[in-house]
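In the two complexes below, subunit A is the common chain; its partner is subunit B in one and subunit C in the other.
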Partner chain A sequence: MRKIKNVSTYVILSIVSLISVFPLYWMISAATNNSTDILGGRLIFGTNLMNNLTNLLEQQNVGRAFGNSLMFSTILSVLSLVVCSIAGYGFEIYHDRAKDRLMGILLLAMMVPFAATLIPLFKMFTDLNLQSTWIAYVLPTISTPFLIMLFRQSARSFPKDIIEAARIDGLSEIRIFATIFVPTMKSTYAAAMTVTFMNAWNNYLWPKVIMMSEKSQTMPMLVTNLSVGYSIDYGVLMLGVLICSLPTGILFLVLQKSFANGIVGAVKG
Partner chain B sequence: MKKKIVALLVSAVMTLSLLACGGGKETSGDSGDDSSKGQELTVWCWDAFNVDAMKKAGEIYTAKNPDVKINVVETVSADIQTLVQTYAMSNNLDALPDIFLMDDQVFAKYLQNYPEVFAELTNSGIPFSDFASAKVANSVRDGKNYGVPYDSNTVIACYRTDYLSEAGYTIKDLTDITWDQFITIGEDVLAKTGMPMLTNVQGEPDLLNMILQSAGISVFDEKGNISLVNNDGLVEAMNVYMELVEKGILQEQTDWSGYQGSINNGNVVGTINGSWICATIMSTDQAEQEGNWAVTNMPKLNDYPGATNYSAQGGSTWAIASSCDNYDLAVDFFKETWASSTEFYDSILTSLGAIATYLPAASSDAYNEVSAYFGNEAIYSKIVSFGGKIPTINKGIYWSEEKEALGVALANVMSGKLDLETAIKEAQSTVEFNIGM
Partner chain C sequence: MKTSRKGLTVNQKYNITGWTFLLPAAILIFAMNFYPMIQALILSFKSGIGNNLKFNGLYNYSRLLEDRVFWTSFKNTFLYLLIQVPIMLALAIFLALLLNKKDLKCKGLFRTAIFLPCCTALVSYSIIFKTLFSFDGYINTVLLNLGIISSRINWLGQEETAKIVIIIALIWRWTGYNMVFYLAGLQNIDDSLYEAAKIDGAGSVKTFFKITMPLLRPTILLTTIMSINGTLQLFDESVNLTGGGPANSTLTMSHYIYKVSFEYNPQFGYAAAMSYIIFILVAVLSFIQMKVGDKR
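Then we have the complex of A and B:
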C-alpha cells in the first residue's frame, strides 16, 4: 500500500517538475536556434548559438547592461540585508508595544503598489538631484517590510538565553548582533539574499524612470528592447533572456545548500 | 571551505560596491554636464527599424555638421509613454530627451493630456504640406503642429502567390473585391490548400479597426465621445470578422510571436496590416518565400455606403520635447533630413523598407524600383498610391481605450459568452468608465 503511495507521489512529482523545468529547457535550446525554427516549434538544440551571440552583441551593449545590473543588484542586496537584518533583530529583541504597532504599520505598507508611489518618489529624488545615480537606484527598495519580517521571524526563534549570557560576559549589543546573531542566521541571510538579489536584478519600472542615462541601462531593459518590435528575432531574444537569468540561477545554486542547512547553533544547557 | 567561499563572496561584493561608488559618481557627473550637451541631440525610439532610420538621418546630418552628435537611445513604445507621463506629472520635463517617437494611436491623447511636453512646430519652417495630410492631422491640436510625421500606416494586403495559384487564383482575383467575395475565395483556398487566408493576433481588434476605417466608420462622434452602441457599421464589420474566424479563413494566434511565426513559416496565405508589415514578411530566412509574395489592397465592406479598399493602421510621429535646450538645432536637423532629403528617404526605403509619408520622396526612383521579394513589382509606389485613398474618420483621442474594449468585446462574442449587442454595450461602458465620462 505504502509502495503504491510512494510510486504515485513520484509520478506526480516528476510530472510537476518536468512542467516547471520545461520552460527553462526551452529557453536554453531556443538560444541555439534561429527565429524561424523557434516559431516553428523546434525543441531540440540547434547550431545557431554563435550566430545569435554575434547578432546580440552587434545590436545591444550586453557587457555594459550586465555590468550595471550586477553592480546595482549587488549593492542593493548587500545594503538591504544589512539594514533589514538589524531592523528585524531590533524589532524582536527589544520589542515592546509601540514597536509591535510600528511593525504592523510596516506590514500594511506592503500592500501599497509601487506604481502608486512612483511619481512622488521620482519628484523627491530629482529634487535632491540624485537622478541617474546608484543611490537613486537602491534607496527606495533598500528596506522592505518583507525582509524585516523575515529577519524578525528568525530572530524570534533565536534563543534569548545566549543574548543574556553574552550581556553578562560584557559583550556590547552591537557585538552580540555581529558575532553571535549573524553567524547563526546564515540560512536566513542566504534566503534573504536570493530573494533580494532576484528582485533587484529584475527591477524594471523604477530603474527605467530614474536611470535616465543610457549608460545605466540594465539587463531587463535590454531584454525588453529585444522583445518589442515589428519583427522579433526570437533566437537573439532567448539568448538575451538566458544571459539575463544566469546570475540569479547561479546565486540560487550557490546558496541553495544553506537553505537546507537550517539554523546552525545550539544552546548548551 | 565554506568560510572561504563566504569570505570570497563578501570581498567580491565589497570590491564591487567600491567600484560602484566611483561609477555612480561618474554617471551623475555626466548628467549634470551641460556643456557637452550643447551639440548633442538625444532621441528615443523603439525597434531596430526606427533606430536604424534615425541613425541614418543622424549620419546624413552629421556629415554636414560634424560637431553635432545624434544619440539614439532604444526605448520601447510603452516605456516612452510611461516616462512622458511620469516626467510630466512630476514637473520634471528636463528628464525627457530632445526628440522622441510616439505611436500614432496615442499621440493625440498625450498631446491633449500633457501639452506642456511637446514643443510647437507650426512656424518652425518645417514644410508640413509636404507630408500626407491625414498623417499630419494626427499631431495637430488647435491648428498648431506638434509632430513630424514618420512612417506610413497605409494598409496593404499581402498574399503568397504560390499558394493562391495552387488553388487556381491570382492576385488580381483578390484586388478591388468585397469581403463577401473574399470569403468565397477564402473558403475555396482553404478547401484546396488547407491554408487559412489570413492571420491575426487573438483579442487584438486591429483588423476590425482597419475594416471600420476603410468604410469611413467612426467609433467616436463629432464631439469625440465614444459611440459604439447603435453603430450599424461596427456591427457589420464585427460580423465580417466573426464569419472569417468561424469559417477558418482567418486564423487567430495567441500573440505576436504566433502571428509572426504563421507568416514566416508559411502556415497562412497572407495577412492584412500596415505597410510596415513588409519588414516582418521579409524577415524570414526561408528562401522559397522570396518572389512569392504580392501586395494588393484590402477587401471592402460589401455594399456599405462609403466603403473603400483602403485603410490605415499603426505608424508613428516624431516629437520635439518642450524641454529641449537645442530647439533650433533639433528643428534644423528635421529640416535637413526628415523634411527635405529624398536621398535620406531613398536610403531608408532600400535598406530598411521604411515607407515614409513625405510626399516628394514618392516620386523618386527608389520608390519605383521593383522588389524581388514581392514578385518583381514596384510595391512602394503602389503603397503610396493607396495612401491617398484612405477615408478620413473621426478618431478622437482615446483610440487605445477603444481598441482594448473592442478586443474584449470580440473575444466575448467569439467565445459565446455574450451576444453581439450586449458585448458592444459593455465595451461602450468600459470605454466611458476608463476615460472618465
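Then we have the complex of A and C:
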C-alpha cells in the first residue's frame, strides 16, 4: 500500500513537471528550427538557430531593446530594494502606534489596481515631459507594500540584542542597518530581488503606454511586435521569446535556494 | 534619560531615525498610488475626448450600465476568477503536500521544474501558448496524430475554447508560484503536530483538514488575495494570447480600459469610471477574504 502511494507520488510529480517544462522546451527547440518544421510538429533541435538569429537582428533592434530592459529593470530593482528594505526595517525596529497606523494605510495600496492609476499616472508623467525616460519606467513601482511587508516581517525575526549591542559600541543607526541587518538578511534580499526583477522585466502595460519613442522600446514590446503581421516566422518569433525569457530564468536558477528561504521567512508571520 | 548632542532624548532620536527610514517609501506610495486614485475619481466624473474634459456628473457611470462590451469583459474576468483561481490554488496545495514529503527523492528537481513557468515573461508565455494552440499549431498536430480529434480545432477562434486556453495558460504560469508559498508555509508547521496526530490514529485526510489547513490559513489568505488581485487586473494574456477575441469573448476589464483610453478616441473619464469599478471589486473581495480568513 505504502509503496503504491509512493510510486503514484513520483508519477504525478513527473507528469506535472513534464507539463510545466514542455512549453519551455518547445520554445527552445522552435528557436533552432524554421517555420515549416515548427508547424510540422518537429520537436528535436534543428540547425536553423543562426539563420533565425540573423533574421531577428535584421528585423528588430534587439540589442537596444535588451539593453533598455536590462537597464530599467536593474535600476528599478536596486532602488526598490533599498527604499523598501529600509522602510520595512524602520517600521519594525522603531515601531510605535503612529508608524503601525501608517503601515496599515500603506497596505491599502495593495488593493489599488494598476488600471485605476494608469491614466492619472500617464497624464502626470507626460505633463512633466518624462515620457520615454527611465524615470517614468521605474518611479511608479519602486515602493510596493508587498516588499515593505516582506522586509518588516524579516526584521521581526532579527535579534534585537544585536542592535542594542551595536548601539553601545557607538554605531550609528544607519550603519547598524547597512552593516549588520543587510548582510544577515541575504536570503530575504535574494527573494525580493528575484520577485522585483521579474516584475520589472515583465512589465508590459505601463511601458506600452509611457515608453512612446522607439528608442525606449523594451524587450516584451519587441517580442509582441514579432507576433503580429501577416506572415509570422515562428523560428524568429520563438528565438525572440527565448531571449526575452533568459534573464529572468537565469536569475531564478541562480537565486533559487535563497528565494525559497526568503519566502519561508516571510510567510512565518 | 540620556541626551544626545542636539539636546534630544535617545528615544526621540530613534523616533526621528525611524521616520526618515520609512519616509521615502511612504511618500512614493502616496504619490504613485493614492494621489492618482483621487485624480482618477475626479476624472471619472468628467467626460469628453482627449484632454478636452468637462464635468458631467454621473454620466460615465450610467453609460457603463448600458455598455455591453464592458459587461462582457466583466463576465469574462469573473469567469476566470471563479474557475481558474480555485483550481490553481487547490493544485498548488496538492503539489506542495507531495513535495513536502520527507523521504521524497529528486525534490529539488521537481520543485525547479514546477516553478520554472514563472520565469517566463507574461508576454513570452502568452505567445508560446498562442502558437501551441494555433490552428496549425503543435497541440492540434499531436491530437490529430493520436486520433483524438478528426479535424483541427480552431482553439482561439471559438468563444468557449478560447476561454479554456486562457484558463489553461494561467494555471500553467501561476501554479508553481503559489506552490512556493505553500511549501514555505508547510515548512513552518511543527513536525511534532503530525507525529501526535499519527499516534492518535488520525488518517491523512483528517490530518490535512484538522492540522494542515488551519495552520496554512494565513498563507491561503495571502495567495487568494494575490490571485484575486492579479486576475481582476489581467491584461497581457488578453492582449497577446487572444487579442480579446473572438467577439470580445476573452476581453478582460483592464484590456477594455486600455482600449478605451489609448486605442480608440481617448476617453479618459469613461476609462477612469471603469477602473473605479475594478478598484471597488478588489477592495470588497479583499475585505471579505480578510473577514473570512480572520475567523479562528
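Operating definition for what follows: the second predicted complex is superposed on the first by the 249 of 269 C-alpha atoms of A that agree within 3 Å, B and C clash if a C-alpha of one lies under 4 Å from a C-alpha of the other, contacts with A are read in each partner's own complex, and residues count from 1 in each chain.
Just so we're on the same page, contacts are C-beta pairs under 8 Å (C-beta built on N, C-alpha and C of every residue); 3 or more make two chains touch, one makes a residue touch a chain.
Because the structure is a prediction, the values reported are computed rather than measured.
Annotation for the three-chain superposition on subunit A: subunit B and subunit C clash. Contact with subunit C, but none with subunit B, is seen for A:140 once the two complexes are overlaid on the shared chain. Between subunit B and subunit C, C contacts the larger number of subunit A residues. By the document's definition of touching, of the two partners only subunit B reaches A:212; subunit C does not. In the superposed pair of complexes, A:224 makes contact with subunit B and with subunit C alike.
In the superposed model, A:168 lies in contact with neither subunit B nor subunit C. By the touch criterion stated above, A:94 is placed in contact with subunit C alone, subunit B being left untouched. In the superposition on chain A, A:59 contacts subunit B only, with no contact to subunit C.
When the two structures are aligned on the shared chain, A:27 is found in touch with subunit C, with no touch to subunit B.
Of the two partner chains placed by superposition, only subunit C is touched by A:17; subunit B is not. Contacts of A:132 after superposition on the shared chain: subunit B is touched, whereas subunit C is not. The clashing stretch of subunit B relative to subunit C, chosen from 55-63, 199-207 or 325-333, is 199-207 in the chain A superposition. Residues 39-40, 118-120, 122-123, 205, 208-209, 224, 234 of subunit A are contacted both by subunit B in one complex and by subunit C in the other.
Taken in their complex, subunit A has these residues touching subunit C: 6, 9, 12-14, 16-21, 23-24, 26-27, 30, 38-41, 83-84, 86-87, 89-91, 93-96, 99, 102, 106, 109-124, 139-145, 148, 173-174, 177, 198, 201-202, 204-205, 208-209, 219-220, 223-224, 227, 234, 237-238, 241, 244-245, 248-249, 251-253, 256, 259-260, 263-264, 266-269. Within the complex formed with subunit A, the subunit B residues making contact are 5, 9, 13, 16-17, 19-21, 23-25, 27-28, 30-32, 46-49, 71, 73-79, 82-83, 86-87, 89-92, 95, 256-258, 260-261, 264-265, 276-277, 279-280, 283-286.
Of all the residues in subunit A, the ones that touch subunit B in their complex are 34-36, 39-40, 59, 70-72, 74-75, 78, 118-120, 122-123, 126, 129-135, 205, 208-209, 212-216, 224-225, 228-234, 254. Subunit C makes touch with subunit A in their complex at residues 14-15, 17-22, 24-26, 28-29, 32-37, 39-40, 43, 95, 98-99, 101, 103-104, 109-125, 127-132, 136-138, 141-142, 145, 172, 176, 180-181, 183-185, 187-188, 218-219, 222, 225, 229, 232-233, 235-236, 239-240, 253-254, 257-258, 261-262, 268, 271-272, 274-276, 278-279, 282-283, 286.
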